[in-house]
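Input: structures, listed below.
You will see two complexes here that share chain A, one where it goes with chain B and one where it goes with chain C.
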Partner chain A sequence: MKRYAIPFGIFAILLVFLGIGLRLKPQEVPSPFIGKPAPAFTLTRLEQADKTFSPQELRGKVWLLNVWASWCTSCRAEHPALVAFAKQVTVPIVGLNYMDAREDGSRWLDKLGNPYALSVFDSDGKVGTDYGVYGVPETFVIDRRGNIRLKLTGPVTPEIIKNTLLPLIRELDHA
Partner chain B sequence: MRDRVATLLLWAALAPAAAQTADAALDRRVERVTAELRCLVCQNQTIADSHAELAVMLKRQVRDMLAHGASDRQAVDFMVQRYGDFVLYRPPVKAATWLLWFGPFALLLAGLALLFARLRARLREPDDDAFNEEFPA
Partner chain C sequence: MIPELGNLALVLALCLAVLQATLPLAGSLNGNGRWLALARTAAVGQAVFVTLAFAILVHAFAVNDFSVAYVAANSNTALPLVYRITATWGGHEGSLLLWVQTLALWTVAVVAFSGQLPRATSARVLAVMGLVAIGFLAFTLFTSNPFDRSLPAPPDGRDLNPLLQDVGMIVHPPLLYMGYVGFSVAFAFAIAALIGGELDAAWARWARPWTLVAWTFLTLGIFLGSFWAYYELGWGGWWFWDAVENASFMPWLVGAALIHSLAVTEKRGAFRNWTVLLAILAFSLSLLGTFLVRSGVLTSVHAFASDPRRGLFILVFLAIVIGGSLALFAWRAPAVGLGGRFALFSRESLLLVNNVLLLVAAATVLLGTLYPLFLDAVGGGKISVGPPYFEAVFVPLMVPVLLLAAVGPFVAWKSGSARDVALRLRPAALFAAVSGAAAFLVAHLSPAVAVGLLLGAWTLGATLQLVVRHLRHAPRGTPLVARASRQGAAWWGMVVAHAGVGIFVVGVTLVKGTETADDVSLRVGGSARAGDYTFTFEALEKVRASNYVGARATFAVAHDGAPVATLHPEKRYYTVQQMPTTEAAIDRGFARDLYVALGEATRDGTWTVRIQHKPFMGWIWAGCLVIAAGGLLAAVDRRYRARRVGVSDAVRAAPEIAIQVPTTSRSA
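Right, the complex of A and B next:
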């Protein structure tokens, strides 16, 4: 009986490691921006090319930056949740239209609904790179001081909104 | 006058060649820098190897930076600031990565220690009939 104890023990340990490995999400890379100032930029607005936007304009407000593109299928999956979310909250959601074409982006919003207070147009992805974007959609929560407090990679779901975004926004709004 | 024409002609002949060698040198640097960086979309590939859209764009950005006089170090730091240590194929040695860097050696030492302990124990009490059981003399 005793001679089986060691192999069995090793097997159990391997099983535990395998279990941990299955739960890891290597595609979720920790962002180096948490707690740091949101990178500054000035970009033209997607639907009003003659107007610009930069994050300083929202200093003193809690706001969200959502990176999206018309070519991004996960953005399409996320979109209904985002539209519903925009109706629930008063914080502005700014869209960063990433490596897209202006007409395609505008058409996408016309067709599927526009949850954004405004969208900015980042055609060459430079601003996206400054925010460490690597998989659209991505969502950043930015506090009144202009610091990034949360970064989500991948589609926002009703569960994430209920369990993560809404509590955080409430907390930041009253801080 | 003739000298000047000759110089001009020489220049015209040499300039593209000079540009080409400069380009090739830049290509090599871009290759060297991006081979150290992980593509975050296809995590087991370097940015140099990957054809993912993100990798292609980052390669272009690295190339721009180097062409505008940034050092290799600056280009790598640019990426680390944005994507974290995770983009480095050779993670820096710091408290958070000690286990990663030294864990395998610790395991190796533990294994060797165990092996030696066992061997020594076996030498001390040679077990004489273990072989004779199956091969009787």
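Right, the complex of A and C next:
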């Protein structure tokens, strides 16, 4: 009798975990990068070609990486929301200027407003490839330990900001 | 007005399901014949109303009734009609209704084909299926009603997710669900057997074809999902060990174990408890998969928008169904008994070993799938377990499975001679060793690839030997057809499926071991190489369809300067959902696939392009199809269509074995 009850016992334990799982926050978007450390890189800054940036510098902070380009029309659509968002939050937004020309990128920011704490210049798209970028714009949320926590594909909208980004940032900031 | 009728139909179906689940079960216990007879009527009635509800939902999509919230969320006037219809199962609510609809189809099939079953047994089987239907109908009605209105109706819908606007969407979910839900029949048979305490060869004979058909559907469903991902997700990968893929793969593994276990129970009366447990587990894992997809506890490309209330509902349902059946198992299994005895080296013991290995493999997949959840639950942070874990754990488990699967059919039931089998399998062993050595020494492939090829060759070689031996082992002058038909379709199904496994293993090994991929930046006129092939970016044009705009490229592929193929990958931007998709272009061949996918473009017209050369990719698909063909062949064995068989103990079914297994003669 006892050994026939083993499957039941295992299932009971499983059930407890599934129950706990229900109360946890589901992660947002499927990506093999979720939960993984953000790939390291060192790139020059878009507007100051003599300075570099690497994600290491933001260790201990929650920050966003937004992939954009001046040739990308969806980025233009997302831009106002991003500018408004930058005014609401204290977390730094880093722009990854993806496969663009330096002058074009700078001109774009001058004209449309600059929501970024800084932008880095990824002229050949190598860093973008490391991040698994397959459509611009994309946005990554990176936690204090340097792990990617969320990846958004496509333009950030005011709804996404309100329902997804702000709650997540608040949660990570207090974690 | 029509959607309200759909709602009503679902309510009526739920009432009938309650009837179907209760009175026949009670009747089977107290001998009330009228209550027993209700099972079939209630089951058919339930199925009719579910089908009506499903048809009404399809209709709402076809006529763009955006006052139905679910339609508005998953369709759009610009969507072509065929995708509007398939959008019916494009979201959580509708796919749940598809689940219920599939269960209704299986229920009707059981009603239609259970004539030879004792009335009490068929009533119990239908009652158990009714219980499952209650759970899912209630889930649909109370948490996820697809007929909910949103008034005033929006002028247009939010469109179907672009990734789902594909032929794959038409067939992948229905086939997969036919598999998942099909295991409910084997499950219902197992529960009925536990309740009645009758578990014999006849029982296994009834349960076998149902299990085989469900497993075949599941095989096809998984295959199509993988095939679809290969060309649609744009990466050229075909299996990602994603949580939901795993959720379909686990019941497949357990189902494979169940098929083999059922064979032993039917032929030898052995493994009875084990068979019942596997039948419960196969369906439990199907339900668990449903939970994982819809509760939002795990992330996946397949996950539906989640809602904790739904998760809780399914969790309670899981607890009742799985917990209840495992408790029933713990209580009743000791009464069922173990069945026939067998020696250490016998077909039974080899099948048992493979059964255990398959179950362990399923358990490792389960562990890998739920590990992130476990860790998160105990406060260990969020992590994701990727392909490295699964490849490191799962693949080594498959090595003994493949080695033994080839040997099994050569070993006699009850007690076999290891020496005889070893001698007989010399040709297959030689073929395998030569294949492996040639791969390593001549083709200079890696040791892992050589081992993979050795295993594939071993499986194919031994299976071929089995066929040759069978065809030769007959009196001189017997025509080929007569020689072949000395074994039933079930045996041939086994042979075909094992050959399919061999083909699949060769394909996977060569793709994994020798594929080449490159991400390059190209502008029109440029070219790049993958393997021995040159891909030239010849032209680029704009395309425009009703719900997307995009770019279509032309690539010419040449091998040693000779043109091989022209490929047209596309990059699309779906305007309603504002989502880009990549439509890869693939030239398929017997020994290689050529693959081009467009990445991003820069303003100066340079595109990132992913080009790949995948040797023997087609063998993976062919292997899956051959495995499914084997499953189907085994299911149509004439033996299962026989009229009511009076044999109720395993021993009397045994004489068949003498014919099926030409003992240990060395004539072959």
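Going forward, the second predicted complex is superposed on the first by the 146 of 175 C-alpha atoms of A that agree within 3 Å, B and C clash if a C-alpha of one lies under 4 Å from a C-alpha of the other, contacts with A are read in each partner's own complex, and residues count from 1 in each chain.
Keep in mind that, in the parts below, a residue touches a chain if its C-beta (ideal position, glycine included) is under 8 Å from a C-beta of that chain, and two chains touch if they have at least 3 such contacts.
Quick caveat: nothing in here was measured; it's all calculated off a predicted structure.
Asks: Which partner chains sit in contact with A:Y98 here, chain B, chain C, both or neither? Use first/second/both/neither.
Replies: second
Asks: Check whether A:A49 is in contact with chain B, with chain C, with both or with neither, and answer first, second, both or neither.
Replies: neither
Asks: Which holds for A:G125: it touches chain B only (first), chain C only (second), both, or neither?
Replies: Both partners, chain B and chain C.
Asks: Just to be sure I read the superposition right, which of the two partners does A:I13 touch: chain B = first, chain C = second, or both, or neither?
Replies: Neither chain B nor chain C is touched by A:I13.
Asks: Which partner does A:A84 contact after superposing on A: first (chain B), second (chain C), both, neither?
Replies: The answer is neither, since A:A84 touches no partner chain.
Asks: Looking at chain A, does chain B or chain C touch a larger number of its residues?
Replies: C
Asks: On chain A, what residues does chain B touch that chain C touches as well?
Replies: Shared contact residues on chain A: 26-27, 29-30, 32, 99, 124-125, 129, 134-135.
Asks: Quick one: in the complex, what on chain B touches chain A?
Replies: 40-41, 43, 53-54, 57-58, 61, 80-84, 86
Asks: Show me the residue ranges of chain C that touch chain A in the complex, using the header's touch definition.
Replies: 234, 240, 242, 273, 277, 280-281, 284, 291, 295-301, 303, 306, 308, 311-312, 315, 318-319, 322-323, 326-327, 329-331, 333-334, 370, 372-374, 376-377, 382-384, 386, 519, 521, 573, 578-580, 582, 599-604, 606, 608
Asks: Can you tell me which positions in chain A touch chain B when the two form their complex?
Replies: 26-27, 29-32, 99, 124-126, 129-132, 134-135
Asks: Along chain A, where are the residues that touch chain C in the complex?
Replies: Per the touch definition, chain A meets chain C at residues 1, 4-5, 7-8, 11-12, 14-15, 17-24, 26-30, 32, 34-36, 69-71, 74, 77, 98-101, 104, 124-125, 128-129, 133-136, 149, 153-155.
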